[in-house]
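Okay, so chain A shows up in both of these, paired with chain B first and chain C after.
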Partner chain A sequence: MAEFKKADGIVDWLDQRLAVKSFMKVMMTQYWIPKKINFLWAMGVILLTMFAILFITGLLLVMYYKPDVALAFDSVNKTIMQEVEYGWLWRHMHGVAASVVFLVMYIHMFTGIYYGSYKRGREMIWISGMLLFVLFSAEAFSGYMLPWGQMSYWAAMVITNLFGGIPFIGPELVEWIRGDYAVGDATLNRFFMLHVCLLPIVVIAVIAFHFYSLRFPHVNNEISEELDFDLEAEKYLAGQKKESKVIAFWPDFLCKDIFYICLFMIFYFYLVCFHYDFAMDPINFDPANALKTPPHIYPEWYFLWSYEILRGFSYEIGLACFGIAQVIFFVLPFLDRSDVVAPAHKRGAFMVWFWVLLLDMIILTIYGKLPPVGINNNIATIASVLFLLLLIVILPVITIMERKAKK
Partner chain B sequence: MREFKIFLVLVIFTGIVYWGVEPYAHSQMNEHTSAVNFDFKAEDINQAKVELEKAMNSDKTGAEKEKDIEFAKMQLKDYEQLWANVDKIASLKADVSNGKEAFELNCASCHRASFDGFNDADDSISAYGIIYPDLSTAGAIYDDKFLMAISLNPALAMKNHKKYNEQNPHPMLTAFLEEDGSISEENAQSVADIVAYLKSIGNKALLSEQEKLAKEINASKMSDEDKQKAIELSKHRLVFEHACARCHDVKYDKLFAKINANDLAAYMGSIPPDLSMVIRAKGEEYLNKFLNDTQKQLAGTAMPRVGLNAHSQEEVISYLSAVGDSKKAERESLGIKIMIYFAVMAVLAFLWKKAIWKDLH
Partner chain C sequence: MSSRRSFMGFALGATAAVGGVFTLVGMKKTWDPLPSVKAAGFTTVDLSVLSEGELRTVEWRKKPIFILKKTEQMGQSPTDIVADGSRYTVVIGLCTHLGCIPAFHKDEQKFVCACHGGQFDINGKNISGPPPRPLEIPPFAVDGTKLVLGEEGPEYKKMIEKA
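Let's turn to the complex of A and B:
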């Protein structure tokens, strides 16, 4: 056992027992971040803030929510929205954050792609990030079911039905997921469990892993420069803060992020209080009705691009392409065959590839919501084929060319 | 400067996605319809023309298309005739006391006007178990010309005429029209008088009910401000009760349809929906258009056009907002405060950042 002295204060007392000073150094004051970054590097902390909002408002909502097909709709729309003090606020914050968090995630992802932050030692950051994306998607889908409105019910019908297309085990799998032959009380209950228990636990664990995976390769920077972090940290600690190419996570980096979070919160609360329909579809304020199919069934905006890939082909092929689209970004670090780590605007063909990919995904998103009639179907097919080609064929080809050109 | 450019790119792309999945997608998914119009003559003839055009441009072929066009042409002709008759009635000088007599003779066997002592209506004659509306407040709630139109041809006026024909007549039977669809001077005068009579008692009936409710509220132990609000809401609710609550529940306000659900289902084809959250589900604009002309907004719906005048339609929508979106005022006032809070925090955070980064640049 270590030797304990009489502490000269609360910090010292804690430090002797928990090593809080070293802990703060490791996690905060001597956790080094490159200086040359722009506001896109604030997205990570904004995401963490959004997750905290989702977690806390979620806990408040669970206090009054009832996972029962006979009670769910009214527990949300009557009890929470109208009877509980500020219940509407927690629900609007939760619903809008669930949608906005995807916008920030997409920005975070495309920042990573643009600056090549998934390469050369940063593969695990990318993969754990993608894992978070998939987990958030599962959270979003399971959460969307809980108010038990028309879209909750019919989205659950359509999405669980997709698993029926898996060869051999399809129909049994659908039944197993639903817990019944049709979407019903058992389905609602198990998705409630997933949404409020299992998935949040896994999400928290993967967020911790995502941060951990950053520690060794460090955060990338705006010019994708390879830094000697030890050397730069020495400069910083020696007082040459201006010359050093790094800053401390706390307070240097976070003070900037807190400023960005405040700005973001103005935008977020504008959406929460004045412009929420995009995140809380009006159709979902109609109670679930198994006998009345809504004229248009569509997923939330952040799933539209992959949903459009599903619709872009005949059923079996569409399902297979949809499956590929869901996982293709996981292997991005290995599809990019070039060892050049640089921002896209320094990489020629890759730059073109980046913007084409972004535009293609936007086209998929927009057409994913339109009714599948006439020319819309052709556009779906073309954009879907282009998406798959861009990732599976074109990216490896242009990055192999890039590697060869460098030699 | 560079950061600003990046931000601009972000805003533009986010804006495009938003525009695509919200306004643009909804404009593609929902049919565009003309604005609310309380001139029912213009509204109906215009809409009949739109439907005729649709029938002529439809993808259908052969006999089916011919039939649709034939129907649409008939419909246009019927509406033109109906509203021409109404114009004729509206131009007459009406007499309230004659109207009361005509009401007793023509209407009182099915309809009550309990405010003025008409209570002899026989509900048991309804084929569906439907309760016929008490017309005490009809003159205040419904459009005058609509009341004339419904006296002549209820199915056409309520726009559920596609459901009815000679074998399956509309449950409201009227006999003011001649065989050829024209109206005699005598009958026109009767209808004019009846509507004048309904108007003469309508506002009084509504006012007396409002006063009764206000009295109850004033007797309760609420603060004066709450009393004011409750009285305001009771006025909205009253119009809704008269106009909508024979068929629709609003269970969040403990308001339940007066007609038995099974009878309603048999009559309408399905149970009319509970309207507690309809303001969030459909929105004010949709509801306004829908109430104004049900078939225009949702072709084939079983819901009749009930002929509310502009004021009572406003009352109904205020009521639905009060029930389904009760926290609107709180949401909007709190929203501004939170945004101001974060704006102040942003300024403080920026100053703090500047202080710290002084050493770093």
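Let's turn to the complex of A and C:
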């Protein structure tokens, strides 16, 4: 065993046992952040804040929630909303956070695409981030089911039915996932397990991995400049803070992040207090009824674009395209064939591609909410085809051209 | 020496693999429907109370089952269930697209699913929209004027063979 000296204080005592001083250096005081980054880089820490809020409010809700088809609806809409003191607040905070976390996640993703933060050396950051997106989607969906309202029930019905499209084993697989011939008590309880136990554990693990993957290539910056972090850090430590292109995460950078968290919290609590209903579908205040379908089923806003891709085609093709849309962003670093790392406005055709993609996804989102009749169907199909073309064909082509033009 | 070591490695790997397979089988079975759920999978319907042209919905395995006693004008179909001299359309009332419940439009003699605009004719055949197949026919057995859902009777087996 190592030699232990008499500690000269509590920090020293801990340092001898847990190396807290080295740990703080790696994590905070000597974790280098480029100076040239704007507010869009604060989205990560806002997401972390949102996750903390979801976690804590979730703990409070789960103390009163009952995962039983006979009790679930009342445990949410009666016990939590009316009897539990401040139960309404935790529920609205949880519901609104679940919705805006996707808004921030989309901004985070598109910031990464715009500034080329998924490229050269940062591929693992991007892939682990996309994994988090998929996990959050599963988390959101399994949580959406728990109040056992009409929309919860039918969303579960439709989503579990999607697996029926898998060749040969489809129908048996659907029954197996549900644990019943239709969505029922067994289904509710297994989604409850996923939502409060398995998925949060996996999410926390992947968040840790996402941060870890950031340590080696470091954070990108506004002009995608390649920095020699060791050299810049030396300057900083030598006291040339003005000349150095980096600052320490703590104490310099975090104060800026905290400022953006405060701004975001104002927006968030404005929604929680005055517009909490935007995350609460009115249909979900009817108890689940297995023998009556609501006239129009749609998911929450953040799934509309991929839902619209599902609807844009005939059944089997729609399922396949939906599957592709779920995973296509994972391979973005490999679809982009150019080695240029630069913000989109310095990349010509890529800039056009970026805005067309964003616009197309907004169109898909809008039409995903509208009933699929008449002209809506045509627009859905065109926008869905465009989405797939943009990612699978156009992106590789324009980036190969970009690479060749550079030579 | 090295062969003894590789034997140990192989034995360890084999033991782990066998344990892993048994664990997976156990976990798969845990997710299967419970015996009580399976046992409740039979429903008996008395057809003699139905009137012609009226749609009756009964619940079987938590799914809605559409039962329609057909009139003369509705014609005949190989998917009809014949019991006590009358013809019936018996289908699982879940759209084959994504599982919503289509509504019966009596005037148009059609089942219309509001979710994605799927349409089925009076025999449950898909006639327009995204549904890929006709409405499914539940396993059934005919017992006089009674229909037993969940049991694969000879009439059901014959119908499935033809299809």
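Everything below uses one rule, namely that the second predicted complex is superposed on the first by the 407 of 407 C-alpha atoms of A that agree within 3 Å, B and C clash if a C-alpha of one lies under 4 Å from a C-alpha of the other, contacts with A are read in each partner's own complex, and residues count from 1 in each chain.
Following the convention adopted for this analysis, a residue touches a chain if its C-beta (ideal position, glycine included) is under 8 Å from a C-beta of that chain, and two chains touch if they have at least 3 such contacts.
Only a predicted model underlies this, so the values are computations on that prediction, with no experimental measurement involved.
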| item | value |
| --- | --- |
| Contacts of A:Ile247 with chain B and chain C, given as first, second, both or neither | first |
| Superposed model, chain A: greater residue contact from chain B or chain C | B |
| Chain B versus chain C as contact partner of A:Gln82, first or second or both or neither | first |
| First, second, both or neither for A:Phe329, with chain B first and chain C second | neither |
| Touching partner for A:Arg311 - first (chain B), second (chain C), both, neither | second |
| Which superposed partner A:Phe163 touches (first chain B, second chain C, both, neither) | neither |
| Touched partner set for A:Phe350, first chain B, second chain C, both or neither | neither |
| First, second, both or neither for A:His296, with chain B first and chain C second | both |
| Doubly contacted chain A residues - partners chain C and chain B | 295-296 |
| Partner chain C, residues of chain A touching it in the complex | 154, 157-158, 161-162, 164, 175-184, 186, 190, 290-293, 295-297, 311, 314-316, 318, 372-373 |
| Touching residues (chain side chain A, partner chain B) in the complex | 35, 38-40, 74, 77-78, 81-82, 88-89, 92, 103, 107, 241-242, 247, 251-252, 255-256, 258-259, 261-263, 265-266, 269-270, 272-274, 277-278, 282-283, 285-287, 295-296, 298, 301, 304, 358, 362, 365-366, 369-371 |
| Chain A-facing residues of chain C, complex | 28, 31-34, 37, 41, 57, 59, 61-64, 97-101, 113-117, 130-132 |
| Complex contacts: residues of chain B adjacent to chain A | 2-3, 6-7, 10, 13-14, 16-18, 20-22, 24-25, 28-29, 252, 273-274, 276-278, 280-283, 324, 326-327, 330-332, 334-336, 338-339, 342-343, 345-346, 349-350, 352-353, 356-357, 359-361 |
